[in-house]
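Both of the next two complexes hold chain A, though its partner changes from chain B to chain C.
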Partner chain A sequence: MTESRNDTDSTEAGLDLGSGADLSRWRTVLARRTEGRAVALLVVVATVALVLEPIVFTSYEVTLGRLALIGLVALGLTAVILMGELDLAVASTLAFSGVVMASIDNLALGILAALLGGLVIGVVNAFFVVVVGINSFIATLGMLFFLRGAAFVLSGEEPVRLVAREAGIAFGRPLIGPLSPRILIFVIAVIALQVFVTRVRAGREFYAVGGNRQAAYDAGIPVRRRVYTGFMISGFVSALAGVINTLERTAADPTAGGSVLLASFAAAIIGGVLLNGGRGSIVGTLIGAASLAILQVALTLSGVQVDVQNIVIGLILLIAVITDPTTLRVVLGNARALFRGSSQAQPEPG
Partner chain B sequence: MTTTDAASTDGESVTALEGPGAAGPEGFQLLPWMADRGIVLFTVALVLFAAVFVDGFASLANITDVFNRSAPIGIVAVGMTFVVISANYLDLSVVSQVATSAVTLLAVSNSTGSVALAMLAAFGVALVYGVVNGTAVGIFKANAVIVTLSTTFIGLGILRWASGGSIYFGPNDGPIRAFGLAKIGPFPLSMLVLILMTLLLSYVLRRTTFGFMVKAFGSNREATRLAGVNTAWIVIGAFLMSALGALIGGFVLAAFSNTAVSTNGTGYDFEALAAIVIGGTSVFGGKGSVLRTLLGVVFVSVLSNLMVLSGLGFGVQQMAIGALIVAAVSLDALARKAGAA
Partner chain C sequence: MKMRRARVVGLMLAGAMVLSACAGDDTADDAGATDDAAADDAADDGAAEGDTFEVYALLPQGNDQPYGTTYLPPFEATAEELGLNLTITNSQYDADTQASDCEVAVAAEPDGIILWPAVADTIRPCLEAADAAGIPVTITNSDVLEEDQALTAGYSGPDTYGQGVASAELMCDLAGGEEVGIIMINGLTGNTTAIDRENGFEETINEQCSNVEILARQPGNWNKDESQIAASEMITSVGIENIDGAYAADDTMVAGVIDAFKARDMAVEDLLITSIGNTFLGNPLVLSGELDGTVFQSSSWDGENAARTIYEVLTESPDERLVAFMPDVKVTADNAEDPAVAPEW
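Showing the complex of A and B:
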């Protein structure tokens, strides 16, 4: 279904590297990066925030905390989207694991159960995608409703208080320098995933699976196992975000995560992760998440209500998904064909 | 799937049974049959079970209640069927579309006193939804789930910001209230609207070039494009059908309850999708019908009603519908594998 989209890129790269000039080499490296839109958004948002609401940067713990929440979920999503799959269940996994954790009196046991739950959710999602063969949109959409309902049932439709309140309060305190444990966990997750998808063979194979699944299969890559790994990463990381969120608030909200779903998708897609798979980076997602975190905190501090924030982030997601650089070229050709009324349109991407 | 598959589905019987493989020399196959015709059996079984074993189901008041609840969901679902058949998964933005339509109808008619003007305003909004969703998916080739996810949040944000989250009450007399209260026997008038919408959209899907193209595009978009079809218009048209369903669904909902609020559409996305896939329309695209969706609506509505009568909460209902969607799509996927083997 997905074709490799890197053909033209790699031939250009080969030519430029052949010429050997440092400048053109740098240009090639830059041209192959896909984080451009995220960097642009970050620059704009950061500049505006610096001028209008400098408090976003002086009280950076708040911004970093927001980044940790959006970023963690977006990182898990990135792992799945790299393979051309999608996990719509991330936000309800976050809510569900938070409720599971808070419902168990023993803190350590609760965290363990929540994280294991995340892994199991990932396995079930991957099972429906890989074995049954249904589209990951539908499989994870069903999981979204199921988990949302399960979180409601388990919590009795009310926020569940965390028994170990002291642990939650201690969790919010700075541990190393000004950095609280949740920010450190986020940093560890970023580094771990970055190393995984760029240095570890299994992680690098995610790109192959997403770029051209049949070719990956023919090349001997265990495609099914990689899809399982991806969904398990996504489930685990979302559950981790749920645990952190619950510790931070010392209570679990069964309705948590609605706007996190929107923001994390926006972060990954504007960060250059191609929805059809095979392209994207952890760094791009990180930059995307950072710009959205700054934006959300700045808007909140300016007294902009949540509804209007959702309009802004929804617009960013819509624009991000229709301005993907590789499809945009094809699309502009199509648009011209549309108004000529001819069928000379380019092939459908994906 | 080939275009010939879609072309042969001119009648109501979708051709999984007659298709290659399914009715091969091996003869009868259970999975394809279940995926194709199972819904009739399930619906009849569920209704019989409810009538015999569940107290309060077979009362006139309850049946009327089921009809009242199912009409707006059904109208949304028959419209969204076009999006599903065109292989664009679903239209999540019906959540905000239904709410916007209901709120616009009551808010504008309250402030101007003209129902026609209110309907026109709501129609304009629906047109914007259909064109924006359809353009992003059809021309910009963006993923329909992500596009409609973002338009849901944009639309709901605008609606709540504009309405301040307040509840609008309709006047106690006038055409909207009269429509909401009108009944033909146990059937509320909204059922008539559902049946008319179903017949109209069924005609569009089965007997017009546009409907044929939606199926062809859903079966094989590359082949449809190569045949010289302007595929962007097909996608925009499919999303306009979904917007039309959400528009009328919102009207019916507002008329029935005589109130409108920005949370009106909550749950319409997955209840409509559940009805569509349980009816047997394939999320893989190209195969399905509007009448099947109507059957799915009956199933989902009766099931929801049973859960309410049994005192099961909102959470359990969500779990059940989530599981049902995955089960129905899994059955379809497994039937395809069995048919292909």
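Showing the complex of A and C:
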């Protein structure tokens, strides 16, 4: 469905131009992109920040750190949303995996167990969605509560401190130039997921599964396996974020991730990822997360209270949804129908 | 064409709203623009006295909590008086957000940082980063772990462990050697203040009056409704006949506990109930005899001394860590009307 819609857009774009094959190709490529609004927002936010709080860019490692904090979970979430599913358990997975990791004295074993736990959580989520047939919203909502409770029980309702505290502190220090391991891992995750969803067949099939699931079945795409893969990516990336947070804070907090769910969804939506699936990109989510990160850092530097920050983010989210081409089409269509209806309903003069 | 035009309009609208929101924030923000002006004034007024200081205050709450609402005005007023130009953040008890706020603060290179830890176990990296940047950090409201104290220049605020101790001492006095069973409502799970108060209360009970038995415990998350539900569930599980009283980690929650008791037709006046806070909610309960005792916590003292402590550090560079504990005044029906313990929040 979505693919064909994009094709139509691009064809129209080509017909409008009528000449110049290269230009037409560029227009086709641009018409397929979904990151337009995110780029526009990024430009606006970056410009405002540059004028009001240039430290956002001079201390870019701080801004990149915030980007990695917001963006990592959003990347995994994008894999799920592309298939038209939701994963509400990402923040709880983050908290749970952190507690699992900190509860194991051996650091390497703890990290391994936490990441493995993330994969298992993804498998269980996908099982409920694919095999049991529960809506992903409900299935992952249940998982959200289960994992949050499990994190509290496992931690004894207190933060769990790393045995290797010094290793955690060392992990938080810059590794290459001013870049910390968190930022480097985030960059690797962006590249890996971007390559996966654009260059690897299994990843590209995410779009087909999200665009039209029945058509994907008919085309012989292993839809169930793709859904499993998507949830496993989301679980793994969330667990990875939990591991990084726990290492950097030198303790696992069972209440962690309070702001992660909203921020990661916001980044994906602002980045042009369609919640119904089939449309969006990792790059879009990256740009969406970058916009949010710059905005948050600039507002924090300006001393703007978190409540006001939330208002701004909420507004941007609303604008992102309203300015979605599909939504705009519906709104304009409804408006036209309304005007036509009212003009037809007017009594004939005389 | 129309669709393209609509997209452009949408984008322009988005840009305009973001720009106006950012511009509006500056004017609406108390901690930003107001303090800028205050700092300018202070600079003008206090030219003879000397400097103004840029200070980041990394708090886990603000106007979203009753305590924060009454903490901030005296904090900001004292800061203005002392020439501190405040930038205030609110992590809403999210340790990751506070850590990120700390990175931002260190990058801004202020003269000092006031930190109210969201989760004390997680702020070591923040303290190290500030230390490495040569920025002094003072702690407010809830102290850091003992091994992290060397990285901080001072602490002002309640002795959260001592508050639990004081509330337990009230309970021990009320029990008077009788075998007593109580239920316990604690604060937000994992929160440092909640943990300290719980430990202070329980350890004192064990040491001073082992005749008081904690029959069951649940978190009330600093929330009246949640503590009422938790208390109601504990009454069911433990049995009305076994409950002689309750301890709640603050007055907001104890109000919920008392409502839960009333809902089960339990004679609240006959039960032994203690708490911490002496707030607008708790003080009338003490006067009515429903709450037997609470421990006064002054949010204005807390806010004011947060500003004074960092100022002292910045102007006097003391060799030793400054510590200013809020006095733990026990409030019962005998002194609940004393102006010295008039509730503030």
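The rule is simple: the second predicted complex is superposed on the first by the 315 of 350 C-alpha atoms of A that agree within 3 Å, B and C clash if a C-alpha of one lies under 4 Å from a C-alpha of the other, contacts with A are read in each partner's own complex, and residues count from 1 in each chain.
Please note the rule applied: a residue touches a chain if its C-beta (ideal position, glycine included) is under 8 Å from a C-beta of that chain, and two chains touch if they have at least 3 such contacts.
Given the structure is predicted, the values throughout are model-derived calculations rather than measurements.
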Practice task
Mind checking the superposed model to see whether chain B and chain C fit together on chain A or clash?
Solution key: clash
Exercise for the section: Look at A:Ser302 in the shared chain and tell me whether it touches chain B only, chain C only, both, or neither; answer first, second, both or neither. Expected result: second
Exercise for the section: Tell me which partner A:Phe196 touches in the superposition: chain B (first), chain C (second), both or neither. Expected result: neither
Practice task
Return first, second, both or neither, reflecting whether A:Phe152 touches chain B, chain C, both chains, or no partner chain.
Solution key: both
Practice task
Applying the touch criterion given at the start, work out whether A:Phe186 contacts chain B, chain C, both or neither, answering first, second, both or neither.
Solution key: neither
Practice task
Examine A:Ile311 and indicate which partner it touches, taking first as chain B and second as chain C; both and neither are also allowed.
Solution key: both
Practice task
Give one of first, second, both or neither to describe whether A:Tyr207 is in contact with chain B, with chain C, with both, or with none.
Solution key: neither
Exercise for the section: Pick one for A:Arg249: touches chain B only (first), chain C only (second), both, or neither. Expected result: second
Exercise for the section: Would you check which partner chain A:Ile55 touches, where first means chain B only, second means chain C only, and both and neither mean what they say? Expected result: second
Exercise for the section: Check whether A:Val132 is in contact with chain B, with chain C, with both or with neither, and answer first, second, both or neither. Expected result: first
Exercise for the section: Just name the clashing stretch of chain C against chain B, choosing from 6-14, 24-32, 42-50 or 60-68. Expected result: 60-68
Completion exercise
Both chain B and chain C touch chain A at residues 152, 157, 259, 305, 307-308, 311, 315, 322-323, 328
Fill in the blank from the handout: Note: in the complex, chain A contacts chain C through residues 36-37, 40-41, 44-45, 48, 52, 55, 59, 61-62, 65-66, 69, 152, 155, 157-159, 161, 165, 168-169, 172, 245, 248-251, 253-260, 295, 297-308, 311-312, 315-316, 319-320, 322-323, 325, 328-329, 332
Practice task
Spell out the residues on chain A that touch chain B in their complex, using ranges where they run on.
Solution key: 86, 88, 128, 132-135, 137-139, 141-154, 157, 259, 261-262, 265-266, 269, 275, 305, 307-311, 313-315, 317-318, 321-324, 327-328, 330-331, 334-335, 338, 341, 343, 345, 347-350
Fill in the blank from the handout: In the complex, chain B touches chain A at residues 89-90, 136, 139-143, 145-147, 149-154, 156-158, 160-161, 221-222, 225-233, 270, 273, 277, 283-284, 313-323, 325-326, 329-330, 332-334, 336-337
Practice task
Over in the complex, which chain C residues touch chain A? Could you list them?
Solution key: 2-3, 6-7, 10-11, 13-15, 17-19, 21-22, 25-26, 28-32, 35, 62-64, 86-97, 99-101, 103-104, 106-108, 119-125, 128, 188-191, 195, 219
